[in-house]
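After this come two complexes, each holding subunit A, first together with subunit B and then together with subunit C.
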Partner chain A sequence: MAESRRSRFGLAVWLPVAWIVFVLGCALSADWWAMPEADYMDFLSQGAPPGAVGEVPLGGGDELAAYTYWLGTDTLGRDILTRLFHGARVSLTLGLIAPIIGLLVGGSLGMAAGYYRGWLESTAIAVTDTILAFPAIVLLLAIVFYIGGSLFNLTLTLGFLTVPAFYRVARANTLTYAEREFVTAAKAMGASDASILLREILPNVFMAMLVYALLIVALLIVVEGVLSFLGLSVPNAPSWGGMIAEGKEYLDEYPRLSFVPAFVMFLTVLSFNLLGDRLRRFTDARESNI
Partner chain B sequence: MSGSPQDPRDGPLLAVENLRTHFHTERGVVRAIDGVSFTLDRGRTLGVVGESGSGKTVLVRTLLGLLPSTAHVGEDARVMFDGRALDIRSEKALRRVRGRHIAMVFQDPMTSLNPVMTVGAQIMESLRYHLGMGRGAARERAVALIESVGIPMPARRVDQYPHQLSGGLRQRIAIAIALACEPKLLIADEPTTALDVTIQAEILDLLARQQAERHMAMILITHDLGVVAGRTDDIAVMYAGKIVERAPTARLFTAMRMPYTRALMDSIPRLEAPPNTPLKTIGGRPPDLIDPPAGCRFAPRCARADDKCHRAEPPLAGAEAGHQFACWRPLDTAEATP
Partner chain C sequence: MRFIGFKLLRLIGVVVAVASLTFFMVALLPGDLAYELAGDEATPEQIAMIRAELGLNEPIGWRFIDWVGKLLHGDLGRSFRSDEPVTEAILSRLPVTLELLFLSQVFALALAIPAGVYTAYRAGGRLDRLLGSLGFAMISVPVFVLAILLIYFFALRLGVLPATGYEPLSEGLWANLRTFLLPSLSIALVEWVPLTRILRSDMIATLKEDFISMAKAKGLPPWHILLRHALRPSSFTLITILGLQIGGLIGGALIIETIFALPGVGRLLINAIYARDFMIVQGCILFIAVGYVAVNFLVDMLYVVLDPRIRVGGKGG
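Our next item is the complex of A and B:
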């Protein structure tokens, strides 16, 4: 069993996983490397090409040390590699935490609605349809202008916006499983509603929700880039989207300012999409086994 | 096989009176169960026979409250279980008996087991829930149960998933789950219909053996008279939401009075019949349960029906003890012999 399962996980799974782990590692370890601060400007190396050597303070002190800009610097003399490392934090926080919020809230709401039906379902549908009908950009604008565009607020808002989608996936899957005979059988054995939801239905619908969550992760990383162009992304912190947006002014002179972060974002989004796709094929195959 | 003398409580294990279950649909009210009464003594087996749509499954699902929310159970139904009144309209009351005192085996073991839980976990679930067993004790008991339903290598099977087992083994697991808490009543809803013919007898024998060992009462639902023939004490024949004849098994097979029972019996293919004998079928279709015929519900399909049959509904009554039938023009004993 273990062998046949592994053989279905080819390179198309391990490469995305490796890349995601790598990016995650970069985001977590960004502070520990011998790198300048993400917003340190080396005025002597503005727009330096990859491989150029400059002098920057390392490790928080004032003393300058030689440092190789492996990916060059931007027009303000900031190290692109450092900013990519720190930008990964914003992208991954937004991309991973927001779907988890949506998964928890929308998922449990959807499961409850699909299982209990009745007024709970109609209320939940009314609320989620309202959220879906409300223009997301307007909500984000309002949040940024009235409450402030911190990473926390942005993550919370984007998480809130993914609730309806997760609600629908959870409800649709719960509806089909709630009708299954094994749920009736569990009920006939005296299982309570809570235990039916948690032990009978959740393990069956979780995979579908996880696959969907991976696609949402990929989507939200792109959304962060789009928001940067509107000036709605996290201010005062490097982010991939922000780097792409800043670089667009110098596309003819320094195309790498936009293309390097865009490529990193591309690989990350591709990885999450591939992973979600593979996982879905894997669960589909398992479903047909049953 | 009658109620054992050491049983502290007298009287039947289950007494159902005037059970009605209606479904509210867009076309109208479907009277799926329309006034069913029966009793079942401790340790005995009642076979419920009838064609598809006669209400067999709805009957037992009503007793356990497993119907969809469109179902409506009549208020004047009275159910006594184990000497106490059981309010089958109350989810709370039903939850106390489900699994613990009344357990059920379903038709299709391919769908009645949770695909993502090991079979052991599914057996342990009710042990821990109803009997408050610890993980270790419940596991030991699960292994013993798997062994008792005739599955080899129980210690290995306990950690397997349903898709790793064949249909017959799955149904044995479903039986093990049902037996876990030593229920007083086991309901088997067409437990062999979805199985290979070669396995059907094994499963039925297993049920009979477990029932005898545990002194458990059983309701065996089937559309196959051959299944109930040697394995039940009594048989109730259902037609269009009503019990139309009820008798001890041997008597029903030799001295049936209701023409419908006779028609069911005649539709069983016979080995001794010469080749190419056309199968006897029952002409017509079961009545529409939204607007059933005024008189006897079988009258439109019955060769013996006369005016009275079409006008008035016959009550379920009988001259002899234990044998009741609902018919104005019953077969006499000579005709009944097949």
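Our next item is the complex of A and C:
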């Protein structure tokens, strides 16, 4: 048993984790590297192949220094690697913070509804069902259209859209645990509701919600990609979807302009999906062992 | 009956919520619609004229009632940019979107049914594991990336299919289908994965039933057992999911129509967003949302027809 447990946490877990940490590190450190500005255009190296050397101002000054374009430049002469680093910021900010909003709001609401039942549960179901009855992408487009797609607006909207799903997961899991013996025992020992919810139920429900959150992160990175592909995500910021869309115009001549960001995006989405899937299998196995 | 009544009530509730939301989003917009429409160089007189023309000086409650009244007659107003009636604009583009959705479902099923049946028959086998991993990778590819890959290989490298553009059915069936092939394939290549998984797991359950052992004992060939005996009782969930997916497909259709320049409702909406054509955006959002809710309602009803237990039990919502 110990053998198979270890094999489940093999490469299929560590490779995604390594990739996610790497992308996260790139996003956080994007400003610290000796790189040109994300929108600096080197007119002498437009559409330069990977490995080409150009001259760019580094570190905010006006002096030009030699710089190697490891992934080449786009048709405007902007460094693709720099733009990938900065694009990771938008994708990961949205992809990671929006689910946290959903997790906190939907999770606590779902736990309360599953524990207290009654009017709270029926009201919350009515509200979340109505939200789920909307096609999410249309609601998202409507909000971007009417109030504008700033990073703050988008994160808040996407966070709001994930609330019903987290609510459902939290409620369904709480329902099963609220009937368990250890909860009854805690009640009999005079524990308060808050302490039962936090100490007895939360540790059990949290894993299921975390698994779900990882899948939501993957989904939201794609959604951000769709928005930025359509040019409706955060304005004036480099983004993976936006790079893919710009590259599409030169697909015949410079296919890498689209394919490189697309591949980075695919690896990131796949990593979160894989991680969620492995974690789910792991918790399912632990659950069935009890 | 309680189930149907509950679902119908919810349908009406959501439609009312969508309608009010789309109206008040425009009405309570930060800034003034008239300024937006008049452009940067408008004189105050022009703006006042536009305000009067749109009835923006009336109290908001009255405007809402007026709007709902027109809505009930199918009048969604006129485009600010092209003066086209919004209802007509949507309805004239609807066939393209429906054809795209229909074809992508057909392709998804054409992939999912053989894959699901075979992987259930040889569960745990090499092809099962291969398709499982492939499917896992496929759902991590965003639909617009898939579209670009297909354009690159089939339109640019091989040159066998057009990259963008649309030919109406009047130009001939093949000319029409050619323009839909890559768009619907892009959607289908993502959609077939969950369909395969569902069919596979239902099929595995069915293959353990007694009547399958009976058929085997009679010496019937495997393909006969799989297709004639096992497929039908296993496709129940598949049909439901197929219906429910149509909602999710709308999002895919939006971006696919934009990439392939298909003149459907999704592209109408996206272009209206770029042009800030409020009436079209409002109309499209309302239309898509109501269509989505209506499809979900119909799927629920189909479920009631197919599965009598829901009718008797009265719960399951």
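We adopt the following convention: the second predicted complex is superposed on the first by the 281 of 290 C-alpha atoms of A that agree within 3 Å, B and C clash if a C-alpha of one lies under 4 Å from a C-alpha of the other, contacts with A are read in each partner's own complex, and residues count from 1 in each chain.
To be clear about the criterion, contacts are C-beta pairs under 8 Å (C-beta built on N, C-alpha and C of every residue); 3 or more make two chains touch, one makes a residue touch a chain.
Predicted model, so just to flag it, every value in this text is computed and none were measured.
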State whether subunit B and subunit C clash or fit side by side on subunit A once the two structures are superposed. fit
When the two structures are overlaid on chain A, which partner does A:Thr68 contact: first (subunit B), second (subunit C), both, or neither? neither
Have a look at where A:Met189 lands relative to subunit B and subunit C in the superposition and call it first, second, both or neither. first
On the A-aligned overlay, A:Ile147 touches which partner chain: subunit B = first, subunit C = second, or both, or neither? second
In the overlay, work out which of subunit B or subunit C sits against more residues of subunit A. C
Would you check which partner chain A:Arg180 touches, where first means subunit B only, second means subunit C only, and both and neither mean what they say? first
Tell me the contact category for A:Thr123 with respect to subunit B and subunit C: first, second, both or neither. neither
Which partner does A:Ser29 contact after superposing on A: first (subunit B), second (subunit C), both, neither? neither
CA minimum distance (subunit B, subunit C), superposed complexes, angstrom: 13
Which subunit A residues lie in the overlap of the subunit B contact set and the subunit C contact set? none
For the subunit C and subunit A complex, residues of the former touching the latter: 10, 13-14, 17-18, 22, 25-26, 29-30, 136-137, 139-145, 148-149, 151-152, 156, 247-248, 250-251, 254-255, 258-259, 269-270, 273-274, 281, 285, 288-289, 292-293, 296
Note which residues of subunit A are touching subunit B in the complex, please. 117-118, 180-182, 184-192, 195, 199-200, 203-204, 289-290
Quick one: which bits of subunit B touch subunit A in the complex? Just the residue numbers, please. 64, 66, 69, 95-100, 103-104, 106-108, 111-117, 125-126, 129-130, 162-163, 174, 177-178, 180
Complex contact set, residues of subunit A against subunit C: 129-130, 133-139, 141-142, 144-147, 218, 222, 225-226, 229-232, 241, 244, 248, 251-252, 255, 258-259, 262, 265-266, 269-270, 273-274, 277
